[in-house]
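Same chain, two partners: chain A is paired with chain B first, then with chain C.
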Partner chain A sequence: MEVDRADGRNPNQLRPLACSCSILHRAHGSASWSQGDTKVLAAVYGPKAGTKKNENPEKASIEVIWKPRTGQIGKPEKEYEIILKRTLQSICILTINPNTTTSVIIQVVHDDGALLPCAINAACAALVDAGIPMKHLAVAICCCSAESGYCILDPTKLEEQKMKGFAYLVFPNSILSVLPEGSSLVQGEPMEHGIITSVTHGAMSVDDYFHCLERGRAASAKLSDFLRRSLQSKLPGDLSKAE
Partner chain B sequence: MEAKPSTANLVDKIVVPGDVVLDLSSMTNQTIKLGGGLRQECDSVSVIKAGKLRFSKPNKYWVESSQKRYVPCVEDTVLGIVVDCKADNFFVDIRGPTIAFLPVLAFEGGTRRNIPKFEIGSLLYVRVVKANPGMNPELSCTDASGKAAEFGLLKDGYMFETSTGLSRMLLSSPTCPVLEELGKQLSFEIAVGLNGRVWVNAESPSTVVLVSNAIMNSESLSAVQQKIMVDKLLQRIK
Partner chain C sequence: MGLPNASEDLSSEMEVDAFRRLFPLRYFERHLAESIRPDARSLSRARNTTISMGAVASADGSALAKIGSTTMLAAIKMEVMTPSLESPDEGCVSIDFHMPPICSPLVRPGRPAEAAPVVAKQLSDTISSSGMINLKELSLVGGKAAWMVYLDIYCLDADGALFDAALLSAVAAFSNLQIPTVSLDDGKIVMLPEEQKEENSEKEPVNKEKRKLTLGGIPFSLTCILHKNYILADPTSEEESIMETLVTVVLDSSNQLVSLYKPGGAVLAYTSAVQDCIALTRQRVKELHQILEEAISGMEID
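Right after this comes the complex of A and B.
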């Protein structure tokens, strides 16, 4: 179905991605992620000793602080913090550093649609930069569905407002493996087909939602590649190490 | 990405968390040692920290990466800063997830009568004795046989913090190029902790500043570039 998007992209096309790591001098890990005009800066501090009162001291805990570009912190920011915290808790290995707190601070630099996925990608890159042990990486994408049933990926703010409903989806990244194909399946499907988080706004039918899921999963492979490449360029090569 | 055939080898390649690097079901009769950054999950070994996968014969695998935060390991020599003194232990900050303890008797010839007095904020060169997950690490100012061996208080000088990767490079043997070149022209004293702290001391403050700047700038340079950088810095003070 032909769809006219304001910036001329076709429905499955993502905006240009950019990621840079280790940009903040004092933070233990930091990353800035931008998709088109939406840009988010994430900083990670920790692990630091001690946990908060409600947290389980036998596991590491993750605390997320979301700072909007302007204005005071209100309920939407608190909701983003909770979603991010649950997502990051499921990808980090919490049993390695018990009774510690890792703080993730998200600063919104510019919001032009798909803000939460951009923040999740930035937080994941910052956690890798800080060396926090993780089971796998997470890639996030936003899909929206319109009245006529077609779905588009990575909307801008104007497109998001016009749509009937949209979903933020977070998938595990695609991994390199030395195992023969087919041996690392979980319940009959490779791990990349799993889903970590799904947040939906608006109304969409079940079929539309599954359609969005498929499109999102296909696009997550591209995001996964991009994340792997940007982490490779940041990691140091062989310096003057004697071999 | 699809799973590669099992003959593919990820050694010496950059890996990210989640990559499966070893298939244990095909190596049943070997003993393998896993270092930092790797975790065993049933029959496979997967990566938990991004970095370069390394293998050293006969059977050691580890992931090399450089962070600003230090993970305490046994037998590491680190530079710690005293934050508190209690009856039995000094509390020393070694840039890890938790504060480390230094028992007051862990010095050469240490008895209850001659406990050293360290002020809060003093810099110590210590060795990590115990580093269990979930517990505070324990330190000691003696080597394994009980001798002092240069451990203890570092007076004067200047301490700066870098990443763990740079401190491993400074401690590598043969001597890393930046220290070799600086050593040919200047005389200075240096202590490198594996937790990313470096202490430099020399007679004149300008030498200290020069050495510190040279080390901080050498993190991402290759050997030849390091020599050129040090030459340029030394030209300027002549």
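Right after this comes the complex of A and C.
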């Protein structure tokens, strides 16, 4: 079913993506990620010695600080911090540097819809830039579901508010493998179909949600390719960062 | 974690409680292999749930919900305010979730618990997404006066599945809510106490008919833990701390998905796991609906 989006995109089309790494010189790793007008800057400092009081000292811990564009830090920011922390904890290999803390600072530069997915993508690129060991990367996408059941990807802020419901979905990035296809299936599905994180707003039917999942998986494959290309273009011999 | 051989040798000599503390994951996995949990529940069964309404006599609506040991006390207080300019005929609902130090040894005074603002935000998102409260019903005089509903939820005992118990207590408190009568007095809205009704007939109550809110689709939730191939419904705090991947599914009575919340976690959720969680939640919604109906009819008989 054809739907008119304000900026003329078709339902499966993402906004133009841009990713640049190593933009902050003092941070151990940094990245800026923008999807259309939504732009987020992420900086990574670490690993630093010692963990906080409630954290397990046998593992590395991740601390996330979320800075909104304007205003004071309130409950929405704390919720984003916890979601981001748990997502990043599930992709980093925490047993490699025990009793250390890695700080990830997220600064919102502009919010035009799909803010949390943009921040997760920026944080992953910044972690790669800092050299933190990870199992795989995470790609995040926002899918909206409208009243008539059709699903659109990567909404702007106006679209998010008009839609019946939207879901932020985070998947592992796609695997480039030399093994034949189908040899590494888990429960009959390739690994990159598993959901790392899902946060939904607004009520939608269960079928709409599964529809969004399918579209999200297809889009995450495209995002994975973009991420791979933009990270591979960094020179491998870049050892100019201290520590 | 201990060497695999060490735990096998020690387990024959160690007491069960010591083994539970030292090797918690192995302790749980031994139970899961027999499809049972340490408190003798099956993997898909939730703990005993009770709701008692009207727990706080001075509040306009209140409820105490217990899921197993997790206890939540919800209380609603209503105040008249001027509505904002963008929505002049809508009231407002403000939800706050508190975790005082009584609820858990991990919460210390002066240091707010990490989980508290997250559960508070999740609750307000869920209640507004589900459309349970129609804000236009909270309007008294269009553009001039509307109700501000303050919902406070106190966690008295934190033993896992905090969001489920908090949502249940919030829903029960809204079902129990009696809107206080008000009347216009020289252009100002004044609250009328109950006894004054017969004496002063000049002060006609403005809203004598609308004493209870009509609730739209009531949301109910179930939190599940994903661990390898197992799905455990309604975890205790011990299970939550060992196996960290939680999925919370909120469905309303017409089986619309209000929220599917999975904040990271080492285990990836594939389609089959998501479908199983939703199926478990559907069953739980029916149970909770019945428990809520019984609690409401219990209050009405009194």
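Just so we're on the same page, the second predicted complex is superposed on the first by the 234 of 243 C-alpha atoms of A that agree within 3 Å, B and C clash if a C-alpha of one lies under 4 Å from a C-alpha of the other, contacts with A are read in each partner's own complex, and residues count from 1 in each chain.
Following the convention adopted for this analysis, contacts are C-beta pairs under 8 Å (C-beta built on N, C-alpha and C of every residue); 3 or more make two chains touch, one makes a residue touch a chain.
None of the values given here were measured: they were computed from a predicted structure.
Asks: Do chain B and chain C fit side by side on chain A in the superposed arrangement, or is it a clash?
Replies: fit
Asks: With both complexes superposed on chain A, which partner does A:46 reach: first (chain B), second (chain C), both or neither?
Replies: It touches chain B, and chain C stays clear.
Asks: Going by the contact rule set out at the top, does A:133 touch chain B (first), chain C (second), both, or neither?
Replies: The answer is first: A:133 touches chain B but not chain C.
Asks: Quick one: is A:14 in contact with chain B, with chain C, with both, or with neither? Answer first, second, both or neither.
Replies: A:14 contacts neither chain B nor chain C.
Asks: Identify the partner contact of A:173: answer first if only chain B is touched, second if only chain C is, both if each is, neither if none is.
Replies: first
Asks: Kindly classify A:221 by the partners it touches after superposition: chain B alone (first), chain C alone (second), both, or neither?
Replies: first
Asks: Check the residue A:97 against both partner chains and state whether it touches chain B (first), chain C (second), both, or neither.
Replies: Only chain B; A:97 stays clear of chain C.
Asks: With both complexes superposed on chain A, which partner does A:29 reach: first (chain B), second (chain C), both or neither?
Replies: A:29 sits against chain B, while chain C stays out of touch.
Asks: Under the stated touch criterion, which partner chain does A:231 make contact with: chain B (first), chain C (second), both, or neither?
Replies: So A:231 only meets chain B here.
Asks: Rounding to a multiple of 10°, what is the angle at chain A's Cα centre between the Cα centres of chain B and chain C in the superposition?
Replies: 130
Asks: Minimum C-alpha distance between chain B and chain C after superposition, to be given in whole Å.
Replies: So the smallest C-alpha to C-alpha spacing between these two chains is 14 Å.
Asks: After overlaying the two complexes on chain A, where does the chain B footprint on chain A coincide with the chain C footprint?
Replies: In chain A, positions 172 sit in both the chain B and chain C interfaces.
Asks: Please give the residue numbers of chain B that touch chain A in the complex, ascending.
Replies: Where chain B meets chain A, its residues are 1-6, 8-10, 14-23, 39, 44, 46, 48-52, 65-69, 71, 97-99, 133-134, 165, 169, 172-174, 176-177, 219-223, 226.
Asks: Quick one: in the complex, what on chain A touches chain B?
Replies: Against chain B, the touching part of chain A is residues 28-29, 46-49, 93, 96-100, 128, 130-131, 133-137, 172-184, 190, 221, 224-225, 227-228, 231-232, 235-236, 239-242.
Asks: For the complex, give me every residue of chain A touching chain C.
Replies: 54, 74-76, 78-79, 82-83, 85-90, 165, 167, 170, 172, 186-189, 191, 193-206, 208-210, 213
Asks: Which residues of chain C touch chain A once you look at their complex with the stated criterion?
Replies: 106, 114, 117-118, 120-122, 125, 129-131, 217, 229, 244-245, 252, 255-266, 268-274, 278
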